[in-house]
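Here it is, the structure in full.
Chain lettering (A, B and C) follows the sequence in which the chains are written, and residue indices restart at 1 in each chain.
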């Protein structure tokens, strides 16, 4: 098992200040205890509705935000993983563990370590119009990480830039123009080139096809798949569009109000969703076939605010299978068989887990 | 397309920016007011450039242009408190101390540009640095800097400028050794604290050498430089100190807006240092309103300087400065019989001031109209 | 095409004159929406679907100009061309016959007014007279019911009495007769023209025009002056009178009455002078039993006309909120837009659009910005509304799944033309136009590679001659480069604009 990225109980809260002295009165619990692992070379799909915290999770993994608790292990060799697991269970406070964490847990990185990390992890944003500096030429935009990190400069940088632009399907003529002279799809390709020019290992794709036309979406998705095969990239594909995630991801995780409620391989999740929220979510996607129409909306009500999530299982006010225990305790993420993790008491009871 | 040299590359790189400038000029050409403003300012620039030709320095001044020639013959004939109307010899006439108005107005153009551009550029840079730091780092730094700015803004500008001008001594003894000691120690600490890599070590070494030398000189042979402040310099310093908070507030707002854009975060994700993010991303996108305000401000600075001169805090009476000339015609304004006969003494320099301010204002408005669609086009 | 269609667009041309050039946004659009039907208008960005919907309402923003074509509105046998109507008629049509909802719900709600205020604004523009009449009718009904109960109590009391003598019996019969006559005479009679006019003035005055308010103030002041004069007269008449004990008692009683009226006058006058004219209502503050005749409508003090009208409007607002399935509509009506979530805000917008029962509802991508579960709820709501209200809906979207789930017909647009228009089952099973086929192919299916339409969305500044799709079409022929295909009926009720099907 070569997991490139492993999150353990990752938490990110946004403080809300109020009162006379502007003290922290409450927190928006954007990410509240997420533990997943992403294998090398796979595409992990992260799905959820607005307000569930998937974008925050992506940015926290990239260390654009500082996590409040938990660990992010990136690129840890398997022997060290075992060592870390052993130490965490037996001697959680040992200095050896602390040393290992400082070396491998990127949640603890700061300063130059963090800057060096940027070479290995990159992000492609949702809206290509705002994610590219409108006052910089395309060649400067793409070469930014090379210049900022001192990887290459001048002639060397130019060569790498031209190489990567060619690879994403843009000609040399785009070098000396401004981003706003291009269409949405082309701008997104420039953003992809910017992310890949320093040959990272891990790329977070934050809804990269939401802001482009339908006809361009397929081209971009094909490009993502080709680049993944050619450069051996690992993707985390964040989206709210389930049909795309079903086609491009190897494994999928479904988030609700800051927690992962179900995660497993794509097939299992889309054919046999176990968690009631996943079932409702997948059933809500409109199928482009008029002969298959639904009479009732699968889920009623609205997503509650992440400032005051419901006690116990966060989905219990809207859940058709809610039981007493769901209102009191949060269900743990358990394996329901075949690597299919679900956080639901109803499911674990029925599978005898 | 293989690029032959860096010069070629530079030229090609500038092409899209030149296209933008051309579009901007086309828009300006379409607006009548913008053209008027531009013509006015260009006219003044010509006057300033051709000042030695238009109003030659009289031989008696021995090459110092900053003294307005007094007509001695008329002085002895009439006396000091009667200005003369325009004649062939004195095209605009003379003031009550028989200073030549024409000479004063022509060379006053240079003074006006000097005052306007110096004050605005220094206060712009200061305000920019403080505002950007406050907005980018936020938190305590933002609070501290902004409260400091608010304190300065709480004082009425003109009054504060007057107080500063009056309180400044005529000469400031600057102990250069101390200054260098302080600066090098400050930067040394910064580099020791922030950049722990090769270039940082190099800079730390340089600054420590400077520090050592300055300490030695302070102990044994301090360089004390007596900076004689002409009255006009004091006005410049005062106006700069009063003017920077406006820019700080303005750029702080813009930087706060740009800071949350995706491309700034993308730049951080690419591994840029804070300095690089600020200089290459945030500032170019937030600086347009500052330029517009700066052009309008040049006009307003001239007016304030003229106001101060009118009160008597400004250039000495024989210095070619419009405000000073207007102030010297105070007695004409208050005297009913003289006001019509000698209106040239305040009207002509006043006209110069008004045209200058209007020109900069029109230019500023034109800039705003031109830059707005360009920003919107994005 | 024209059978039972509410709106029919024929050969619509819209051009935008921008700095960069002339954008030929719509190039001969042919569209129709039938009665009681949901038409899904599908297209990518730049295809012109939003511009089409705005043209129906004549809301195309400058620098856009509608250059040609006709938009025909059919109403009970008559038809009118909206492009030739004048401003007043258009304004009456907007909101009442055709209503529109947009993409971002919270951007289209004014943040400083409550939900109730905004919905009632729409209602007051178009349905004020109807609501006014309803409120008058309800007040009259209440009055009559009240009087009826009183009279019936009287009658019961009279029935119980059992007098002995002849004179008393006759008196009782007379009284009973009087009561019966009054009971019989209780009918709701519609307010006379004068009364209606004063009502309208009152409602309009207090809601909109300061000049009217000032006039009302003057009128009340005049009436108070008259009252005072009358009181003075009576007082002086009473002063001088003297009489015997019984007469004195009567005179004293009258004097007390006059004093009481004086008190009333003082209070009214003070209130009038202190309070802004618009805030005063004519019937408040009277401690004296009985009615005060200050206007043509004789209402007792407890029925304030303005309050009744407001209550009527509020009732209607709650009714329309309930029809869009908002839970607890009374509470939601008082909320402000920032307190609403995305789904609720979109429902409020739909409620606003439905407030005047439009015949056509135009929905411009209303669920694009919403979560998929909320989208399912709103789509369900749209289907329910169509069933209950029978209004036609023009649903603009770029998501084929939404179209398949909720629409009855589909119209596909590309680069300013409608290229195909057919029943939804027909479109999905048998797409004729190459663009429609390509769109349906590009729907992602798991296990298959992603298929895309080659090329990019064209810029409409210098559009292609001939068929605008020919550079991306895999079936393009020579004809397609030069001639623009006509929009014709290829199969029964299936319209296509393509040379492959004889559109030359």
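FYI, a contact is a pair of C-beta atoms (placed from the backbone, for glycine too) under 8 Å apart; a residue touches a chain by one contact, two chains touch by 3 or more.
Being a predicted model, the structure only gives us computed values, none of them experimental.
The minimum number of touch steps separating subunit A from subunit B is 1.
Most remote from subunit B, judged by the distance between CA-atom centroids, is C. Subunit A and subunit B have centres, each the mean of its CA atoms, that are 50 Å apart.
Subunit B and subunit C have centres, each the mean of its CA atoms, that are 59 Å apart. Separation between the centroids of subunit A and subunit C, computed from CA atoms only, is 45 Å. Against subunit A, the residues of subunit B that register as touching in their complex are 1, 12-13, 15-16, 196-197, 261-263, 265-273, 276, 280-281, 284-285, 377-378. Remark: subunit A residues 59, 62, 64, 111-112, 115-116, 118-119, 121-123, 125, 127, 130-137, 139, 144-145, 148-149, 172, 176-178, 180-181, 191, 194, 198 touch subunit B in the complex.
Here subunit C touches subunit A in the complex through residues 44-45, 341-344, 371-377, 379-380, 398-406, 424-425, 428, 438-440, 442-453, 455-457, going by the rule given at the top.
The residues of subunit A lying in touch with subunit C in their complex are 49-50, 183, 185, 213-219, 221-222, 225, 240, 242-244, 246-247, 266, 270, 280-281, 284-291, 293-294, 296-300, 302-303.
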